[in-house]
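Multiple structures follow.
What follows is a pair of complexes built around subunit A, which joins subunit B in one and subunit C in the other.
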Partner chain A sequence: MGSNTAEKALQMLKFLPRVCLANLKPSPGSRTSKKRGRGQHGGDKHGAGNKGSGQRQNYMRLGYETGNNPFYLRFPHEPYYQGHHLRREYPPLSMLDLLKLIEMNRLDASKPIDLVSILNTGLYKIFPDQRQYGVNLTDEGADVFNAKVNIEVQWATEPVIAAIERAGGVITTAYYDQHSLQAMINAKKFFERGVPIPRRMMPPPDAIEYYADPTKRGYLADPEKISEERLVLAQKYGYELPQIEKDPEYEMLTERKDPRQIFYGLHPGWVVNLKDKVILKPQDEELERYYAS
Partner chain B sequence: MASIRTYLQRIITKTCFMHPRVYNSPQIRNSSFHSSKFLVDVEVNTKYETTKNPEEWKYVERLLPVTTVPEPKKLPVYASGWKPQGDDLKDRPYFIARTRNHMMPVYLEIRQRGTARHTIIKKIQGDIWQLEKDLRPFLEDLLKPKNLRLQVNEFAGKICINGDHVNAIKYWLGERNF
Partner chain C sequence: MFSCTIPKLRIIFPTARSLSSLASPSQIEPRQLAFPPKYQQPRQVWLENFDTIEEKKLAILELHPEVFAANPRVDIIHDNVRWQSLYRYVSYAHTKSRFEVRGGGRKPWPQKGLGRARHGSIRSPLFRGGGVIHGPKSPNPHFYMLPFYTRIHGLTATLSIKLAQDDLHVITDLEIPTDDPNFVEELVKSRKWGPSVLFVDESDIMPRNITAATDSVKHFNLMPAYGLNVYSMLKHDTLVLTRAALDLIESKLLTHLHKNNSVPNTQKYKLNQV
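Take a look at the complex of A and B:
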């Protein structure tokens, strides 16, 4: 076999041109041509410029002036935002969005609406660990709001309260502490943990004034004063106050939570078992005293 | 040194005797959460009552979220401004499907660290070029002195427009019952 190929090669040499410098070539595949980069830097900068934040794509934080005394710190006394990192936040939900949720069947207006039912839609979120304490119902869409609701929010202004009461509804502003909010952001997950429902804490001193104010429809305010204020607001805004007592949905509209209660109809201290569909209630005297309102 | 060690040991044995459960059971350190055994027979010393009341359970069911997006209510007029999709869309050359949340698939995309705004229409079916032809005069009218920059992605069924025209396009689509 080997001799055969050698013979063949010799045979071929007879007809091939003579090997010389003019017809020598590198073997195929041994040399690759270099690609020429396009643009100013031949593509080695990837369009990001040369040096600094531009190249490293680590853009400076807002207000930073590369070592200068920054503008926002240049003047010694600007107290408007003092303690802003400690203040309570109420992420807004407009009345128009609320109406949309009701009309699109995301929220059931035939039952009381509270933070849990708003969070259960999945279209509104709060992060209690970022000091977000619940819904701020804003007045966008107050003029077209026509749903009769029993709603509980965490913050509301006068036009919002007027719009809801004009439509025949009821509004309450209520405070929830961090632990309660953690249970409320995902009630199903909370029940699966097998932990007793926590009791709601009283609002902190700087919030107690708001939540005890009948003009804000606070949950700690005297109900008689609230009904007085309802009439006052109706006269101020010039609408006829619909009578709740004669409403066919009177029971739904008057359903309220206890100041220590988080979920409607469920007492703090109870443990809900979703698997066996039973509720465990403590009977220890000490626990009963602790969870009593 | 030795005296300190004996002193510490004495303290540890003392505290362990104060908590007999800790003293009796040695500390177990499982390698990971997943490999650890299930907790069994937790001692419950509190008195409790197990109740099965359907009236109370209704309140629990109220708190459980729905697993699917519900169908919107059928109303003669929607005060919120939302409109359902029309039924008379079969004879149109193109169709724009609603999203799973029953909204129009028109989105604003902010790019280039907030400097570039693009409007994107998605879920376009049928003759996308006809839609572009119909939409073009409406948008050109809005932009008048400037010219319209619009891209059609036929394969993905998307149209990308330079600038924020989300509300204008939603209005235009609403006029045509989409």
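Take a look at the complex of A and C:
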């Protein structure tokens, strides 16, 4: 962009011979010859070092220390890693990142923000098949967070909740199962598949406590208790709780998904046809009963 | 004696000259640059006519500096040219190893007692007619994919160089009054283009006359905008864009330079990549 070097180079090119196929060159030093000399010029070790295990390319198994007590066996059992391969992961997104996304217009704060809109920025990724279950909103940048948002994340700590609510926003923690997440990671691709939107499953037993907890702003918690807890948190952190009821964006701030719903405005069982721009809804009674919340 | 032949020196204001030579400036609307440049001045190019042999300058067009005044990275251009010549090249050079050459299973002479060097096979690489060690094997494809933005910057660098070296011309369209090759040859000669010229139009369906006129001339080539590439631009001395092609190329390149969802393009190359 606008660099002086580009200008100078273009000025010089006016008086230089025409750039053509015959006078191109790569950057000096960027290419090295792969050829190895023959005979006495070739080197006799073929790049594998001198003698022994290395030269024979006898690679030892991972962690083996040629007879020492290996590092991975040297210490006793570490129980806090037990079941680590089965635990849910929540890849972090800091509040600073979130603020940046909003200020750079990658996220629209005038609408509810959920996992789908965060994923649609292309700047945050999850891999549900690696047991990643959504956003962990971390408190980095909580002090400067000033955006009024209605946000739904999958994991949040107390300072994060306080920072969102101090700015006049609303936060919910919500659980999505594997199938829902697969539909959310690329919503367009999912709609193109032409399958009905699945219904969101309830959280597993070990997560239900978190998502029904009003202090965690869980989506299964009692709304009355949540508004109580909002006041408690405001007193604990010492800020005046902005009144949502008098907010001009009251409608947006109180918009919530159904516990069975994945996309805002779309219900489970619907098929979105992007080509003809129509939504097909189930008519059959049995289907309606199945997809009912 | 010579004083009458030497023209008098005059001060010529470039703006005054340019305006006086304009045929009908009001008819041609100026270009609106997408993503208006913040730090660079737009480049300018003459819009020329193509239906007469003598040149008529119709208007001045503004060009986006991110496309037409980009850093002229000759190394990136070299990468593009190398990739274009290699990605479809398959080497069919083939040699046989000592085990693939016919024969040579028998020990040619006893190990000891003859006073000769010991050998186990007449197809050993030491022998004439023997196998080749580490020789070329066929087919050896040289396909690789150049990174997406190296390809984009290759195009902008080449277009910038072409403009800086006065080898880029913009014409209204490719309509000519006759299908006679002499017309295009005369035109190119009188305007000091070429000798080799690449004409780029917006679509791949070109007007009939230019197609017929350039068909027999091997150094005049027609190309649709979607086929624009670094190698062809450098192979031809002069690049001639129609105005529609100019708009299309600039908008496509600017889109790729400014879009924020470039991740699918920058991922590892796969077949049928979106």
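Going forward, the second predicted complex is superposed on the first by the 221 of 293 C-alpha atoms of A that agree within 3 Å, B and C clash if a C-alpha of one lies under 4 Å from a C-alpha of the other, contacts with A are read in each partner's own complex, and residues count from 1 in each chain.
One rule holds in what follows: a contact is a pair of C-beta atoms (placed from the backbone, for glycine too) under 8 Å apart; a residue touches a chain by one contact, two chains touch by 3 or more.
Remember, it's a predicted structure, so these values are computed and weren't measured experimentally.
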Based on the superposed arrangement, let me know which partner A:Arg18 touches: subunit B (first), subunit C (second), both, or neither?
second
Between subunit B and subunit C, point out the one touching more subunit A residues.
B
Between subunit B (first) and subunit C (second), which, if any, makes contact with A:Leu10: first, second, both or neither?
second
Subunit B versus subunit C as contact partner of A:Trp155, first or second or both or neither
neither
Looking at the overlay, what does A:Leu266 touch: subunit B (first), subunit C (second), both, or neither?
first
In the superposed arrangement, which partner chain does A:Gly122 touch: subunit B (first), subunit C (second), both, or neither?
both
Is A:Arg106 in contact with subunit B, with subunit C, with both, or with neither (first, second, both, neither)?
both
Considering only the touch criterion stated at the top, classify A:Tyr219 as touching first (subunit B), second (subunit C), both, or neither.
neither
Mind sorting out which residues of subunit A both subunit B and subunit C touch, each in its own complex?
106, 122
Given the complex with subunit C, which residues does subunit A contribute to the contact?
1-3, 5-7, 9-11, 13-14, 16, 18-21, 24-27, 30, 106, 122
Which residues of subunit B touch subunit A once you look at their complex with the stated criterion?
46-53, 56-60, 62-66, 70-73, 75, 78-82, 101-102, 113
Subunit B touches which residues of subunit A in the complex?
59, 96, 99-100, 103-106, 111, 116-117, 120-123, 141, 144-146, 187-188, 191, 263-266, 271-272, 274, 277-284, 287
Of subunit C, residues touching subunit A in the complex:
37-40, 65-66, 69-72, 74-75, 77-79, 81-82, 160-161, 164-167, 231, 234-235, 237, 260-261, 263
